[in-house]
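Which chain is which? They are A, B, C and D, in the order written, and residues in each are numbered from 1.
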Amino acid sequence: MVDKKIKTLGDALRRNGVSRRGFLKFCTATASMMALPPAMVPALAASLDKARRPSVIWLSFQECTGCTESLTRSHSPTLENLIFDHISLDYHHTLQAASGHAAEAAREEAMRANEGNYLVVVDGAIPLGNPGYSTIAGFSNLQILEETAAGAAAVIAVGSCAAFGGLPKADPNPTGAVSVRDIVTDKPVVNVSGCPPIPVVITGVLAHFLTFGTLPELDEYGRPKAFFGTSIHDRCYRRPFYDKGLFANTFDDEGARKGWCLYKLGCKGPMTYNACATVKWNEGTSWPVESGHGCLGCSQPDFWDAGGFYNALSIPVGDISRTTSYAAAAGLGVAAVAAGINHKTKVAARKRHDRVTIDDLEKIS
Amino acid sequence: MTKATLERGLNAFREQVDAPVAAFFSSCVNCGMCAEACLFYTETGDPKYTPIHKLEPLRRVWEQDYTLVGKLKKLLGLARPVTDELLREWQELLYDSCTMCGRCSLVCPVGNDISYMVRKAREGMVASGNSPVDVQGAAQRAVTIGSPMGVRFKALSSQIKHIEANSGLKIPLDVAGADYMPLLSSMEIINFPEYIESLARIFRQAGISWTLCSDAFEATNTGIQIGSSDIARELVQRIVDGAERLKVKFVISPECGHAYTSIRWEGPDLIGRPFPFKVIHILELLDELRASGRIKTANLSSERMTFHDPCSIARKGGVIDSPRKLMEMVSSNFVEMQDHGKWNWCCGGGGGVSAIGDAEALRFKVFKRKKEQIEQTGASKLVTACANCRLVIEEGLEEYNVELPLEGLTELVAHHLVEDA
Amino acid sequence: MNDSMDFLLWTRGTAFDVAIAIFIIGLIIRLFEIVSLGRERTLAEPKGSEFLPGVKTILTRTLPDGGTFKRQPLTVIAGYVFHVGLLITLLLFIPHIELFRETFGFGWPGLPNPIVDAAAVLGVVGLLAALWNRLTNPVMKMLSGGEDYLVWVLTFLPLLTGYLAYHRMINPYPLAMGLHLLSIELLLILFPFTKLMHTFTLFLARWYNGAMSGRRGVQS
Amino acid sequence: MDARDTIPILIETSAATDGCFQNTRPLLHEIAHALRRLQLEGVATTLDLSAIPFGPGDERQLIDFLGKGEVSAKLEAMGESLIWESRYAGVWIVEHRSTSSERLAFQLEITKLPAILASQPEDIAESLLMLREALESPQADGTLV
């Protein structure tokens, strides 16, 4: 833990014997992580030097802890440590040592002491169907969120469950799960979606808050534009193959081996906005497409209900060949009736035919 | 019930809509290309003469009685009904400005046979009393007198006597058991009796057994032109009766366009049974005789000649090669018009148009196309194979003060015929 | 329906199902309505067969005759450019082929995207020219009614939205693709009840024309 | 060192695949533009390579292409950093690693000298103080240095 007397990040680093070069290197790395342009490094350095230490309360609702796993296994441990060491993580189910009443007391203490300034991080969706679906210390998720968010500076919804409802909300949404934004409407909410989200994106948002004391610019889904501004498709190294019309048709054909585009195998890259293609996963080792599997679209709302993972994006969600066959059957039925009516009309017209003779060529006037 | 009414007309339209008509209307995207194929549009520039537009009444009946959306529109009062007023307005479009030449049916990119539909639409016009009075008169004469021009057998009989006396040829009449029974058009009897003489000459040379029929000589069928199957049936029946009475093997359609359509194609359907005899066009027969060497010609003319394809025979009858082979028998200087064969331009008077007095000015106006076509060839003689085309072209040329002799192809063949006797 | 992803899911889901069902039901009704009217028996001795000339006309009417081309080059060229562009875009773009494969169980090879992209531009240009022609050519102007313009819009929108979506000119992409799908759904729903039906009935029409002519030994 | 190399699974890579993702070429054009800017206006450019969508092999191809020039430096501050000039003068490669050798940042600097190599003013001021202090306080063993 960091000495509580140290007020700014700059102080902390210098106290640890970090040189100016080291600090510059740290800033460069942080800018890169935050996907800020390199030209921003000097400004970042100035801000980071004066960065203050925020209190963070982490709430876990209907979730699988995958987001926390993702974060704690994040690469660049030094950098993470620096950031995390600098925040005061006052409450986190999985990570904190305290338990039971002591844990809840820590949360309440942090809220009281940092009224209006602390950050709330949420992972997991909030069930509205029945408060009993998910409770902590006897309180429903909804109650805890409303209470905790009330005095927060901002809320960060980590993972697609918190951001958009995620798996719990997938059709038919048995628990009536909703996202953080559905509940918290009077505070800025940053969505860091993904299942799980890219860890550096989480730290990137924290770093941004830490550095500038503000939240990053958001897209229409409340996600930081720096990370979610471009689609997977637009940043995909396999894009040239898409443009050339070279596609893998199966997971073990020549196209797959040559690393051709995975569109036909269900890649949802074109509709998915995330930073996987550049930031990559597992210490920058690879990412789904590079590993030969299409993007599932996990950072988009309702991706679970967006059709088969292995169906091309252009294929509708429903069972189209079934719809087609049913419609054809119904069509045949209705058409038979329509044809029958037409036939009847024509037969009737024939029956009504009055033979035309030369005497009735003129019109009745 | 007598007299035409709107209701009878609508019923007739309803009867006429068949699968091809429905397919044609369903396919039309109003591209307007048919207008460019129609001399009534190209020569006047008036869009109302666009062929498909002439079918609006029939189209409305099809839409409102035979399609789901049309019925729904009708139910909601959104459909534009077919009224007496509409039909009156459309009379000019369906009769005065359409010769059913079928050129539009040839260019339609979706394959619509527009002249097929015009023929059908006229059924509704007749039944609703919106056919032209002049054509009504012709129909009445055809049914009561036996010829649209009022030509009775007596007139033919005297022409026969006249020809026999002048040429020494024998014109067989009512000979039972003859092979061929030629039909004539009134115009040939009155204006071009040379045709009858030519037939006699050629048949004598070829050794053909033939006969005219005293109660079935008229080939023209005003029922087809006015668009009434009922009247057309009556007229076709006379020919069938005559041919059956004389037990002929072939009936010869004369140098007349619509006669070929009515007797060759519509005839059996009108009387509801196949003919016990074959129907052949005179040009087809002459070409057969030529091919089999039964007729030969000599002293080919070096005069520059061109040939006008009658629409009903060439484009709509498929008789295109025969006249060309025959032309080569008579002329060493035969030139084609720029658009010929199936692409020929109509004389402007077919399909009953030449019978409509009110349409005369329009007919002369659109004749410009044919006139230019003829002039382009530089020919000094125009040959054709339809008495109606011949008359219309003669009148047209006169209107434009063009001196150009016209001749029927059969006469021309007879003229150059090598005769043994 | 408050965000683009919901919109996309709706257009890829319910809306598409409804549209394709209406399209198929309508299509079958229309074809039955036509065929049920039958054709008169023809008793005249034929001069030729019906089948081959019918098939021949189906093929030959794809090319314009020289006379029409000379008199109305714009109608012919705009028509060609737009139809070729549209058909290439519709049938040879890989994502579209995947949809057909899912529907029919089989697919076919597609073209590289830049070629399809060029075809889409051709399609758009051709359609604009066709509209201009419709508004200025006296014959087309006189013939055209609301339905003709509706059909134009219905055809234009999928090309336009598809082009914008492909080039990611509408953001976010789910909105772009949703709009593209919605325009196609509109097209599908109205297709059987408008002139768009010519896509299918022209084969019937050409066949009838060719067959009726063929029977008479007439060139069609 | 690519972590994948240690996985005992044979990954089929045809010659055609290696570096055929075409993502390097546009980047080289960008470098050329930046060099021109440096030459004419003296403006330096930094390209963050972690923001470039590289396929497998692309990065290696780029680095191989740029090669090594006359200068290379190692920086020891919060872990190791490697800085070298490519065989194209003015194009520098800067790789920052953490104390546990994980890559923190990977950049191309098109500049006369990467800023991080220069001594920082604060550090210079500090070292001056330290040096003076050292000079002013006599050593225990009487030696100056």
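One rule holds in what follows: a residue touches a chain if its C-beta (ideal position, glycine included) is under 8 Å from a C-beta of that chain, and two chains touch if they have at least 3 such contacts.
Worth saying up front: this structure is predicted, and the values here are computed from it rather than measured.
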Neighbouring chains common to subunit A and subunit D, by label: none
Subunit B and subunit A - chains in contact with each: C
Label of the chain whose CA centroid is most distant from the centroid of subunit D: B
Highest C-beta pair count, chain pair: B-C
Distance from subunit D to subunit B - Cα centre to Cα centre, in angstrom: 93
Euclidean distance of C-alpha centroids - subunit B vs subunit C, Å: 38
Centre-of-Cα separation between subunit D and subunit C, whole angstrom: 58
Subunit A and subunit C: spacing of chain centres that average the CA atoms, whole Å: 39
Contacts with 2+ other chains: residues of subunit A: 338, 342, 346
Per-residue multi-chain contacts in subunit C, two or more chains: 29, 33, 35-38
Set of subunit D residues in contact with two or more other chains: none
Full enumeration of touching chain pairs: A-B, A-C, A-D, B-C
Footprint of subunit B on subunit A - complex, ascending: 338, 342, 345-346, 349-350, 352-364
Interfacial residue positions of subunit C with respect to subunit A in the complex: 3-6, 8-9, 12-14, 16-17, 20-29, 31-33, 35-38, 94-96, 98-99, 102-105, 110-114, 168, 172-174, 177, 181
Residues of subunit D defined as touching subunit A within the complex: 3-4, 12, 14, 16-17, 21-23, 46-48, 50-56, 58, 75, 77-79, 81, 96, 98-100, 102-105, 107, 115-116, 120, 122-123
In the complex with subunit D, residue positions of subunit A that touch it: 18-22, 24-26, 28-29, 31-32, 35, 37-39, 41, 75-79, 235-240, 257-259, 277-279, 283-286, 290
Subunit C contact footprint on subunit B (complex, rising order): 17-24, 26-33, 35-37, 41-42, 45, 47-48, 50, 52-53, 66-69, 105-113, 116, 264-269, 272-275, 278-279, 315-318, 320, 339, 341-343
